[in-house]
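Structures for review follow.
Two complexes are shown next, each including chain A; its partner changes from chain B in the first to chain C in the second.
For the complex of A and B:
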């Protein structure tokens, strides 16, 4: 039994299969809500699942120019990174499958892995759209990564721990959105940047560079990148909700809080016009980073002088 | 300033080079000049700021005459001066290129070069713009002795076998946009050389869907052509049919009854609403603002339903007949139009507010692609794109045609010349159109809808200009007195506006390029009007008969 329980935890519930399915469900909610905001009907509930099945069944076309190991390995690495990061967050509001002091940093790095993989994949393809997309993906990574990290550090400082589980337990009595509204907004918008959702979709702006770094991907590879992104969405929502919205302590609170966040994100997605890449970088470094730094300073001062 | 005085001025300016002058119509001056004097004559008109080069018409006068004719049409308000040049058909004589003086002339010259075999000295461009790459050398589709057998594809020149230019060197590479690209759902091809994100050079290619309409027109009778021209464009189908009808009516010296003219203007107004709302959606989509795209296209349905209710069709309305219109506005339609307009006006006001106040959208439009008034004049811009730069070019006001005398529109102009100004001009123009349409519906003149047209149109030639949603639409119609036109030349507004896109893209970010292209509201079907049908798999040329048979077989299944 000792080996079976971790296996189930990893592969079926709450990580693994369940996570992927929930990710697809959230992707559907996202698409449906955006569609409704845009006065469209939107997809049916099983559409993301159908998309994945279809992509897995389709032929994968390998461009002649690519390094095949990278071409096939990168989607796997991206999905693996996203799935692994799920181990340390309070998924479904349950205790994380694994935790150790400092797992917050590990999670954030694992969350960046899919983006790095997309960047590498674009570079590996060396198609023109892919190259420009890859450049933009990585430029954007440098733009939002630091503010996002700083925005998650705020709660960690207050809770006095680098362990997600500990922070989650601490925030269950403290709604940090009230004391650190700036951090919350930056974290939420940073998550949108991470997921390349509008208005931060310059790396895959279809009207300029088709599908950006993933232009040459088809079939399984594309499906894995897409699923990786859905998983990233769940993990990211989970982190932001548990840090700022009073923690996660059960399935209902998980669903409620993350869906509220997702609603906010879809509203922003349908309200805002795509930013150019220079505007994205400018926004993050001129406003995002400075605001969060100011807030961190306040937290440190308050913690230092008012024990 | 009256027309006679304007034309007299032009005659004076051109006096040193003039060999002969005619007045084919009241508002037209026709000056025959020698080939070598062309640059000087054009220069004189430009120096005197007499109008702008509106179109260059090339005609093959036939094997017996043995001459090609080029007509350089300059428009100044309602007055038109044409410089007429004759060249021998079979010789090396060539026209001097004026593309360095008037940039937009480069497109006209390339059209003449490829379609009629004019040669241009001093023209820098050797690549093809309209004809397919595998089109044989020295075969010119608009010549009188052209036959489809001559156009057999040349081996080894297939477009898809041309070497792909990828990385040009260092950080520079070429980004192709089109003919298959999500930004352009239309068949045009652009190559933007980018250094990082900055565009350093731009090139374009048209003609992926040439249909040979100008040539086809010569073998159809006057009435058939009406339906042919209506199919040039799916968005401004009515303006094409209207320009053609007005031209033919002028030739036949028949005037459509006032009620018909008013209904024509009404439908043109509705079409403008349709076109501009569609454009707004596309522009928003290019900027990555899909919500505006979806909403504006939803509201466009209102106007399409109105058009359907009036004419029975949603796209090719087919409202015109030679000598009048086919559909009447009854009490029911009038009510529907007014209700529709009320709804549309509130929506358009809302969009006007969005495009001028939404900070994120302004990020992508304000100060982007700014064209100053002088540049607009130099590029020869037309329509809303010109009016956004403070250049008051609107045929409806300068040379009112049809019912625009009785139901005038007011001029909408902005001076900033950037993408925001182009949005604002188009939307404000719609409010003006809505107002005029309401007036028309309320004051529709009584009377018949059509008047009698002769089957044969008297010999002569005429120019018919109309303000299409994208700018001035130019029809040159020539009759030899038969049942078919001898030559119809169509210059669509998109063709004139391209230069500005290519020039302005340089120095901008790649992310702005789709917006720049969309900013002038390009219409590819307007540009593509020439000759062959290529089936990509086998790349063979079909005759009309084969195509028809294929079509019939295709729909049997």
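For the complex of A and C:
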């Protein structure tokens, strides 16, 4: 019995299985909304689940050239990183499963672990499409990571804490989207860059480079990367919603706020076309980073002069 | 009792697997020498008007991700080896749909100096969709027939391995 409880906590609730299923549900909402915006009917509600089961039941081909340890280890690391990051965010509006001062930074770095793994996987496969996909993935990582981090630092500075739980409690009576609109927009678009959604899907542009870094992956590895991405989606949405949209303090507010955010993201997705990789980098460093830095400066000045 | 239990779970797992396979079909498209008529019809099948994503059908870029290989056109001597390579790159279980009269019999290109013949002379084909070119409705119907054949319990014949180096040019 004693060993059973932590196991259930770890696997089923609040982490693990529930998280994966909710992530799949959000992925379905994303695909369905995009389909509706394009005047299509869109996938059925179990589609991401069916995809994952099918991929797990398929043969996994190991290319002759790869390092097998990396080839099998990277998908696991990606999924583990995404799942671990969920421990520190107020998922479902509940108190985070674990928290300590400074967990904001840990969460952000855990969230970029899947992207790093995709990049390494592309390098490991050393096919030409995988390599180009990997370089694009990593280039894009350098483009959005700093502005995204800075955009999440704004609320942290205002709340005077680096602990997600404290910030979440602070934002429950301060709607920071009103005072820091720039930070909100940069965080939202940064999240889209993180998830490689259009217009930032140059790393997996299937019209140019087949499937990017994951070209050689089949079966289980691919499924794990995909699940990792949907977990990343839900954790990212949760972070942005709790920082900018007045905090999360229960399941209804969690569902409502994250789905509103997702709606905005799908609108942008179906509205915009794919950017070239140099345009992506230019956009982030020329506009995103500068705007967020200016806003950070304003926050620091206001905090310094208006106690 | 234990044995029964095991049987039961095996049945359940098999059911779930078949269900997932039927509801999530990722296709990769290969042009082995078609006149592009069939390719345009395949693209038309993927447009919002026909919206195959509601059946879980998705066009993938990489053969490693795909379940179904859609081949159009007669197999030219140039494309023959590439077609086999693409087929070999796909993970099991894999299926082949040959679209258009040319891929079934060589069609109007039959007898050309550069044309080897039909698709099923090179790789095993599961479903044939005739037409020059077939309409998107016909292509969707072909995929539905493939799904119907997957539902059955009889074991599918495994694709025989082909060694690319040994194929006469």
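Basically, the second predicted complex is superposed on the first by the 300 of 307 C-alpha atoms of A that agree within 3 Å, B and C clash if a C-alpha of one lies under 4 Å from a C-alpha of the other, contacts with A are read in each partner's own complex, and residues count from 1 in each chain.
In the analysis below, a contact is a pair of C-beta atoms (placed from the backbone, for glycine too) under 8 Å apart; a residue touches a chain by one contact, two chains touch by 3 or more.
As the structure is a prediction and not an experimental result, all values here were calculated from the model.
**Student:** So in the superposed three-chain picture, is A:42 touching just chain B, just chain C, both, or none of them (first/second/both/neither)?
**Tutor:** After superposition on chain A, A:42 lies in contact with chain C alone.
**Student:** Once the structures are superposed on A, label A:58 by its partner contacts, choosing first (chain B), second (chain C), both or neither.
**Tutor:** second
**Student:** With the two complexes superposed on chain A, say which partner A:50 touches: chain B (first), chain C (second), both, or neither.
**Tutor:** The answer is second: A:50 touches chain C but not chain B.
**Student:** Looking at A:279, would you say it contacts chain B, chain C, both, or neither? Reply first, second, both or neither.
**Tutor:** The first partner, chain B, only.
**Student:** A:196 in the overlay: touching chain B, chain C, both, or neither? Say first, second, both or neither.
**Tutor:** neither
**Student:** Applying the document's definition of touch, where does A:30 land relative to chain B and chain C: first, second, both, or neither?
**Tutor:** Neither: A:30 stays clear of chain B and chain C.
**Student:** Taking the superposition as given, does A:210 touch the first partner, chain B, the second, chain C, both, or neither?
**Tutor:** Both: A:210 reaches chain B and chain C.
**Student:** Give one of first, second, both or neither to describe whether A:232 is in contact with chain B, with chain C, with both, or with none.
**Tutor:** In the superposed model, A:232 contacts neither chain B nor chain C.
**Student:** Where on chain A do the contacts from chain B and from chain C line up?
**Tutor:** The answer is residues 38-40, 129, 206-207, 209-210 of chain A.
**Student:** Name, in rising order, each residue of chain A that touches chain B in their complex.
**Tutor:** By the definition above, chain A touches chain B via 37-40, 128-129, 131-132, 135, 198-199, 201-202, 205-210, 270-279.
**Student:** Mind listing the chain A positions that touch chain C in their complex?
**Tutor:** 31, 35, 38-44, 46-47, 49-51, 53-54, 57-61, 129, 206-207, 209-211, 214-219, 222
**Student:** Could you pull out which chain C residues touch chain A in their complex?
**Tutor:** 16-17, 19-21, 23-24, 48, 51, 53-54, 56, 60-62, 64-65, 67, 89, 91-93
**Student:** For a test of understanding, state which residues of chain B touch chain A in their complex under the given definition.
**Tutor:** My answer: residues 166, 173-177, 181-183, 194, 196-197, 284-291, 293-295, 298, 358, 360-361, 363-364, 509-514.
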